Each structure stands twice: as structure tokens, then as C-alpha cells.
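Chain nomenclature is as follows: A, B, C and D, assigned in order of appearance, with residue numbering initiated at 1 for each chain independently.
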Amino acid sequence: MKALTRPIIVVNFKTYPEASGARSVALSKVCESVAEETGVVIAVAPPMTDLAAVVESVGIPVLSQHIDNVKAGSTTGHVPLESVVASGAVGTLLNHSERRLRIADIESLIGKCRNAGLSTIVCTNDIGVTKACSSLEPDFVAIEPPELIGGDISVTSANPAIVKDSVGVARQICSGIGVLCGAGIKNGDDVAKAVELGTDGVLLASGVVKAGDPRKVLLDLADGMRR
Amino acid sequence: MKALTRPIIVVNFKTYPEASGARSVALSKVCESVAEETGVVIAVAPPMTDLAAVVESVGIPVLSQHIDNVKAGSTTGHVPLESVVASGAVGTLLNHSERRLRIADIESLIGKCRNAGLSTIVCTNDIGVTKACSSLEPDFVAIEPPELIGGDISVTSANPAIVKDSVGVARQICSGIGVLCGAGIKNGDDVAKAVELGTDGVLLASGVVKAGDPRKVLLDLADGMRR
Amino acid sequence: MKALTRPIIVVNFKTYPEASGARSVALSKVCESVAEETGVVIAVAPPMTDLAAVVESVGIPVLSQHIDNVKAGSTTGHVPLESVVASGAVGTLLNHSERRLRIADIESLIGKCRNAGLSTIVCTNDIGVTKACSSLEPDFVAIEPPELIGGDISVTSANPAIVKDSVGVARQICSGIGVLCGAGIKNGDDVAKAVELGTDGVLLASGVVKAGDPRKVLLDLADGMRR
Amino acid sequence: MKALTRPIIVVNFKTYPEASGARSVALSKVCESVAEETGVVIAVAPPMTDLAAVVESVGIPVLSQHIDNVKAGSTTGHVPLESVVASGAVGTLLNHSERRLRIADIESLIGKCRNAGLSTIVCTNDIGVTKACSSLEPDFVAIEPPELIGGDISVTSANPAIVKDSVGVARQICSGIGVLCGAGIKNGDDVAKAVELGTDGVLLASGVVKAGDPRKVLLDLADGMRR
């Protein structure tokens, strides 16, 4: 089904024009096709405005990039949990470095998502925050050092210790938690290294979205997962 | 075409569950059907996550409920102008009482929307803010006294003076501007009164979204527009 | 000296008019006088605008109510760490329920405060957030269930389990951490109960600030601490 | 008295360490001394935490850098109007480029300040926002193009048209309004030019705060005002 099984590659489309509107659906279909060919689980997080349209178009897991901790109803211009559920998405990123949340909201949203059957991936910036967020028991934490996001060097090369230690503290606090890593992930070697360091996969964006040939990159990433 | 011609009825779906996901598309189709039958222009502003899906499904004008004044790209979980344009929406609400914006951002967004061909409807709460926002030259201002939003009494009955005076100050500052009113609008009489007070139509939400029979309400609203 | 020794009574003046401007200094002097008479450590957190004025006027520990995680310099209208240090305050509340912070900012501010020699009291709303914040190793956590803040029933009576369990998880995660409790604390019995439940003292506001005779209340609170 | 008479030089201390804590009081005294010697009105806007302490120390007008549009009382860590009034400040900056406000809040705060006897200086970034803010009838608008703030070239040299046109639109909308300009103001020539362009004075920060000899700079600025 669409559940967030492990290991997993999560592609965050951010708000890149290359992955917005019709191009958001198109890229999601490329992800789906590679997932089918390789058997590797690939989830996508399209721009907020494309969420329902992407869910309609593909069979792979679709995630929201964010949820606002507000009630459904009189909250024009926000994205409450209910909007995400109604769109058909199966989960959400929370606390991405570009959309940080207050700690009480992270906890509240994790609880609401659990009740609604949405999977949660809480992004963290360092080992301290990984530890803190793991104690709130989301489905996944995703360690992404902000200084490496969007860069050319994979976190798995630039700072393997932060990945390994994040896996350690996360599982010590919350034994069944999934752990992803992100920032600078570009190819199959980076994915293989991430898995070797103990993670359940990767979270990446520009490496796929801004690639000349996203399909080729995705095939390489999937290959890294199967080594 | 889809442009925001006047007069107009704008239906803001907010984030009501009755108008989210598949029900967002369904309600948009009801709006489209009434618009076709009556010849009255009806625009819809669905939940953010449904924007592209609704655009795909109907031929009437679709609006965003909000735009974040951020750049497209590394802005996970936000809704930049480019996301709205890529979705196919033809315009946007700005500064809704449930999503107020900083004044410098309102001005910046009005300019960006103009360049991108998106229509702008800037919501205001009183005559002072109507005057201030009109001077920024959006396509429309929509006066909605917050204390009447979601209530049972139409602004056109509760405070006709604020509607009439808003029309006056808005057109004095910016002669070609469209003026809508909202808050408590429920039926054709309210619409007829709004037009009589000099507006170019209405902005409403719960009156349609939470109605037992939205189609019936929309037909009545459209009838009010044609008196 | 002024350090935050334990046990401690922390009086948050919030922005109550009864404790603003000259009355902020006056109430701080009452706190100082009771601290001297009873030997119980009492710290005060006056309105932001009174911080330096209160530090000048009393010898007891003075705390900021909040710090913005911004740099000193071109940050008009904010309160960076450097403003708090320059005022002479010895520490700060962080993440009060009326001023929640993003988790990455809490971690960052705890680190900056530690380097600058400021004590940190991180407010939490439940056991999950207490656990998460304790893992960031502030000097104190202060558990305050928001629904009880400003009310008539002390958290120590309404929900002794949350106090006891917060003490437990906090010390399990971070052995040397101080733990306070707050919400509805009004008298010496409440303080005695808080200490009995394992805390290092209390954080309170309206119980002192809005009392007809704050001196009398403070003497009673101090008495509760010495039982 | 302390009222904001015209013409005026307003020194924003921002949160510069050179003007925080004891140094905030010291710099305010230098401003006071120059004001007394030259007869030119100089107002100061110290860091938020120093507000009451500075008011106690000098007889010149002291301004807040910002007000939060929240109620006094249960608003820990915020700065409501009442805190500013209680501190003894005579007015406030609003909507500084480093602390932008939502338009409905600017309007609300201008009204509250007027009722409380506080003068308001609303900062604007361009002619459109100057026009919009003037329609809300604050005591002053202060035009400061953000790209010139903190820079070496005075707005009066870099863009005299924006200053002159701001004066024009502001007075057209609100005949009695005061108009200041800021960004890059460094010396008496800049002040003289600002007055020549029709303003009632200047708003500056680093030109004084980061000067090797603030007294000397202030004397030169005051001299520019009297040419």
C-alpha cells in the first residue's frame, strides 16, 4: 500500500518551479515509475498547492511538506491536518529547516497525525534536536544539518558522525523510530553510505528536482538502496 | 475566460471539512454549474492543498486563499507566488482576517501578482485599512468586519455604512478598484443590498460551504446579483 | 550572589499593569525584602521594558521573560541575548506558554545562554515536552499545564501526577536539571506540595502580582518552602 | 516637555552592544547634552530592555522601538502598549524594517497610542507604503529604503526623489503629518538636505551608535538642522 515502509527515499519538491503544477505531477510519475521498476519505496512531498492533484495522479506515498497546528474551519490560508487528510496524503514532513515549528506544536501535531493515521517525519538540525524530537515519538526523524542543505557535499561524507550519532540517540530514546538523513544527497553512493551508517533511508530535494535527468538520478539512488 | 470580471460572487472554502479534498472539487462543480445556469460570475477559493486539483476540475475562476511573500525554491511548506501560478489559479485573496499580512508584504505581493497576471483581492477590516490598502492599488478590496464574519447577520444589514463608506474611500483613492463586502452574507437579499450599496459583489464562506443545500443558496445569491 | 540556587520561587510579572513601570520596581523590592527576611531564594521576571531598571533596584536574581534568537545589532524591536546580558539579568524564561519557541531556537538559546553565563528556565506544557526539553539540558524546566495557568486550582492539587512524572522524566534524561512547577500556585501549601512532589520550587504570576497584599502572599509562599 | 516637536532627530539604538545596558544610558545622556547645548530636539529609542532605565536617566523624549498588538496581562515576553506607557516613554517606532507589522495591527496600534498619549512614528519602505501608512494618520511616517539602511550613502543623496515624493504623498493624504527620512544618514549635510527636501528631520542609528565619537556626530547633525 502507500504506508511509509522502510527503507525509503523521500523526495521533497520544496517549491521549485521545476516541480510545481503540471511539473509536480510529472516528476511524481517519474518517481512512481522508478519505484515500480526497482522495488524501492519512494515517497514524494510536492508543493502544498499540488498535494491533492499529485495524490490523484500516482500510487506511491505522497506527503505534505508541513501542517499548521490550527483547527479546520475558520483558518483561511492555512493548512490544518484535515486538509492534508482530505487530500489523500499519507503523511507529512514536520519542522523542516525552512519551516521550523514550536516544540509544543510538534508534539501536538505528532499526536493528531497518529490519531488520523498520518505518518510523521520530523526534521532535525543536530543531535540535540534529534534527541528532543525522538522523545516525542514521531514515526521518523530526519537529520539535516542546515549548513549542508542544497550543497554539493553529502551529509554522509561531510559529517558521517552526525548521522551515526543521530541514529544512536534516536533509537536509544525511541526504539522503533525510523531515521533518515538529508542534505547534499546526490547519488547512489550517498544512499548506500546512509544505510551503512544505520539510517532507514534519505530525504533529498535539489539532487532530484534540479537534476538534468531526474529519472537517471532516481535509478542511481534506488540502486544505492539495494546494495 | 477565467478573469475576475465584475460583478462577482467569491466563495471562500476556508478549511472547512465540508469543502476539502474530493468535497472541494464537488462544491466547485456546483458553483460552476450555477454560474453557467445564471450567467453570474462565481469564483472559488478552495483549501490550499486542493488548489491545483480544483483548477483541473472546473472552468470558473479559482483563487488562492493566501500567498507567502517568499521566493520559490528553498521554501519548503510555504506557498510562494510561483506555486499559485503553476497551479493555474487566476488570482488570490490577500490579508484575510484569518491570515493577516504585513503591509510591506501586501504591497510587494500586489506588485508580483500584477506582473504574473494574477488578480488580487485584499481583505480589510475597517475603513482605515480599506483606505490604506486601496492606495496599494490591488484589483479588489473586500471589506469584512471581523466581528461579523461567520455570524448570522449580514454586514449589509448590520453595518451598511461601513460598506458604503468603504466603496467611497476605495474609489476616491484608486478610481478603478473593485470593492466587495463580506461577513454574514447568506442570501440573495444580502447580495442585492451589497450591490445597491455600490459594491461589485460579495465574498462569503460559511453561508455556502455549511449550507444544507449549497446549490440552492448559490442560485439565490446569483438571483440577488441580477435584480 | 544572584545565581539561581535551589530551591527557588520565581515570580513572573508577565505584563500585568500591577507590576509594570514603577510598580515593577516596587514589587521587586517587596520580593527582595521577603527573600531577605526568610532566607528563601526569590527571583523576579519583570516586563521586558523594565528589565534594566529592576536590575538596578534590587539585589535578588532578575530574569528576562524571553529572548529572541536573533543577533544583536540590526534587530530593532527585538530582544537578543546581548540585550539581556547588558541589562544585568542573570537568566531567562524560555518557551513560556504565552511565548512559545521553535525547538531549534530553544536549543540554540540554551547554548548561547550557557556561554554567556545566563541561567535558563524552559517552560513546558506536558510530560512529552518536558522530556524533549530536558534533553536539551537547560538549567531548569518548569512544567505548567496551560489549562491551569491563571486559574484557582494549583497544579499540585489538580494534577500532582504530571508534576511528579515531569520530575521523573526530566531527571532521567538530564540528571542534574532543576524542575519547577507552575499554574494556579497561590499559597504556602501549594509550595510545600510542590517540593514534596520532588520539584525545586515554583513559577507563579497572578498569585503574587494580583494579590491584594503581595507581601503577605510571598511570606506564605516562603513559609511553604521551609516546611 | 518631552513631546515630539518638530523638527527632530531620532536616534534608534537598535540592539547594538555599543548602546545596550549601561551604555544605553550613557549614550542617551550624550544625546541629552547635545540637545541642551544646541536647542535641537533629539529623541532616543533604546533597546527594549533598557526603556524604563533610560527614561529615568534623561529628560529628552524616549521612544520604544516597537509595540506588540497584544493585551497587557497574560502576555509573557511581549511588549504591550501598557508596558511602554508604564515605562514613561513618550512614543514609539512602529513597523521598522527589522520589525514589520501587519496592517491591521498598525492601524490598531496607532489608535491605541493616540488614546494613551503616545506619539507614533511609522516606518515605511517606499512611496506606496508611505501613502498607505499616512492614511492611517500616525503622528509621523519615516521613509527608510531598506537597501540603504546601515549603508554609507545617505538616502538624501542616493534617492532624494523618494524623500521628496514621500513628503508629497504623505501630506496629501494626511495634511498635518510629520515626515522623517532615514537610511545612511551620517552628518549635518545629510540632515540639512533632508530638511531641504521637506522633511521634519531624520531617523538614524549606526551613524551615531557606531561612531567613534557620538557626541561629535550629534553636534554635526544638530548643526545641519539649524542651517
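Odds and ends about this structure:
Keep this in mind: a residue touches a chain if its C-beta (ideal position, glycine included) is under 8 Å from a C-beta of that chain, and two chains touch if they have at least 3 such contacts.
Remember, predicted model here, so these are calculated numbers, not experimental data.
Taking the mean of C-alpha positions as each chain's centre, the chain lying farthest from the centre of chain A is D. Distance from the chain C centre to the chain D centre is 34 Å, each centre being the mean of its Cα atoms.
Note: centroid distance chain A to chain D, computed from Cα atoms, is 45 Å. Chain D has residues 97 in contact with two or more other chains. Taken as a contact graph, with one node per protein chain and an edge wherever two chains touch, the assembly forms a single closed ring in which every chain touches exactly two others.
All chain pairs that touch, listed by label, are A-B, A-C, B-D, C-D. For chain C in complex with chain A, the touching residues are 95, 97, 100-107, 125-126, 128-129, 131-133, 135-137, 173. Of all residues in chain C, those touching chain D in their complex are 12, 14-17, 20-24, 45, 47-53, 56, 64-66, 70, 72-80, 82-89, 93, 96-99, 149-150, 205.
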